[in-house]
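One structure is given below, encoded as structure tokens.
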């Protein structure tokens, strides 16, 4: 499907991969194409991408943990988790107009300038979210009922997990400290003070706990970025062969109108080449292998979904467990069908 | 070219591995006869330690002749976690004979990636225990990501074509009168994340589940 | 019961942990003591919801609605010129830009040589539309914008294909009902007020001119 559309038109498709954290999918794809083009997004766009990626990660972990708990019967936490999600939706909506499938990135930056309310909105969220996360932890983290259902269940050792191709929180819960943001830093992750949480149990409980720890790390990263302040400049690269000109330029200048027309009709002309770009999605390493033949449409895009190898190991993982364990594990593995099936 | 991998390459016949320069990560074009051996060495050798198969995909170049390598290419992305190194392996395949060895004995992650490559490109992996369609349904015909496949074509899935896994009673039994029963339990779209129904066929022995999914 | 890692041991890879170390329960956890603090959390939420009704997180939809930003990507609007005719010049940029291929346009010649073309048919298939806003980004005439309206239920599939007249139906001159568009009032007051004036002129023209002059306008709809 991507092969019949232009590079820019693929972005709404990438939204629908991991639809719980669609911003991160957009970032991964746009960064891969930007590398193929040999450009970099401007500092303000990179700053906003990092913040919104971390908010999307928080959203995704909220869904994962919330639905794990729902499957185990703890419905209250689902509501407590979905409130941060609702508020982050409000932030994403103020940036791009859409809540779930955002298409907020363009190749070269963001779709539009950030709204003037952006920083204040982010800070309000940083006040709002931690108490709800604390509430869920109080309810569940030391709860024997939850622990009996989840400790030691569906445990995967680190070595096996690596051989099965696991990445992301599921792998880190099995004791392997691999995080793309730390191993192959991109955006601003190497300039921030944060830790990669790792646990040793490899079971449902540790997969739950690791996501809670990651939410806290994400909140800390966002706070650091906000304290740093928004960089100056535009939110998209200033190259008329890549980014659509501003509407003012388009309406008033012939040259900009021509660039605008060519970008829409022919698409961005990406030089021939191939690249495997990866980001740390909420589930693990989200890879995009893009091959360009020099035209405005991709020749081949292969998405490496993080939950694909995780789910492929599911049958082996569940051997010998009860049916109710199957339900509980499915939640913790965070299998998102949009990404799985593409 | 990875300097550390040179001893591995020296063991293989000349010309079976050709490096491709100028790409974002080291890329080797590997002849399929030596793929299994090379991958095993890449994983086990302490100097290289490619312990993770990240991705396997197919690419279709319909204009490429057999002399240039053939129509298809299977592309493997490997990652070495202890060393943080990446490697891309490309295996050229001809249209008439897109067969290559399965890498499941080396990386269990290859299982579903190979099924996907079979489904979408028609690559046949020798030694794969369960090579059947994965992303398209059982009534689908053709290989969807080939460039000559008509994307508008629709295939209907009829009930007789639906695959049913053959689950056998587990051989080991420490309980002489254990009961084996086959039940299909739909763990369906109630999950916010599993919008499509993830159908897990479970065989029950006593109260333990032995799932075979998809 | 978990999978025995020894049964799956791989040769030569000692780097990754092979042992699984599950969390051990403390004595307090074994006697269900932390459940009391959990109970206090839910009781606290219950009393807060009962006592601070205005701060409840739920809203009484459909009487109460959420407020969305000026960038919300809702139902499309085809904007009009001061004389009431559609601003669109049928350049097909929106149809080309659309990733879902949901815009269908048929062009015809416009009597005014400065305008050249206009769409005789302009249909958007709302069931295919993904509300990405690419059409708004692509339009060089600001002829298509989006509103913040998301109420789009249909009774049958035929109603999902929205034609020109439905897209042009004046939602309102009220900026608060508009969504994703090239210039909102906060961003570019000059252009936004130009658009407002255009709407005002439409309303004035309709009041003054009436149906009698409708036949004299070949392209006005």
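A, B and C are the chain letters, set down in written order, and residue numbers restart from 1 in every chain.
Simple rule for what comes next: contacts are C-beta pairs under 8 Å (C-beta built on N, C-alpha and C of every residue); 3 or more make two chains touch, one makes a residue touch a chain.
Note that the coordinates shown come from a computational prediction; the quantities given were computed from them, not determined experimentally.
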Chain at the geometric heart of the assembly (C-alpha centres): A
Chain separated most widely from chain B, comparing mean CA positions: C
Distance between the centres, which are taken as Cα means, of chain B and chain A, whole angstrom: 25
Centroid distance [mean C-alpha coordinates] between chain C and chain B, Å: 39
Distance between the centres, which are taken as Cα means, of chain C and chain A, whole angstrom: 21
Touching two or more other chains - residue numbers and ranges from chain C: 13, 16
Per-residue multi-chain contacts in chain B, two or more chains: 51, 81
Multi-partner residues of chain A (at least 2 other chains): 160, 162-163, 176, 316, 319-321
Residue ranges of chain A in contact with chain C within the complex: 5, 8-13, 76, 83, 86, 93-98, 101, 103, 111-113, 115-116, 135, 138-140, 142-145, 147, 151-163, 174-176, 200-203, 205-206, 209, 244, 247-248, 250-251, 257, 260-261, 264-265, 316-317, 319-321
In the complex, chain A residues that touch chain B: 1, 4, 20, 35, 63-64, 67, 71, 160, 162-165, 167, 176, 178, 183-184, 273-276, 285, 287, 289, 291, 300, 302, 304, 308-309, 311-316, 318-323, 325-327, 330-331, 334-338, 341-342
Residue ranges of chain C touching chain A (in the complex, touch as defined): 1-3, 5, 8-10, 13, 16-23, 25-26, 28-30, 32, 34-35, 37-38, 41-42, 45, 57, 68-69, 71-73, 93, 96-100, 130-134, 137-138, 140, 142, 146, 179-180, 182-183, 186-188, 191
Interface residues, chain B side, partner chain A - complex: 23-25, 51-55, 57, 59-60, 75, 77, 81, 84, 86, 88, 107-109, 111-113, 135, 151, 185, 187, 191-196, 198, 200, 202, 204, 207-213
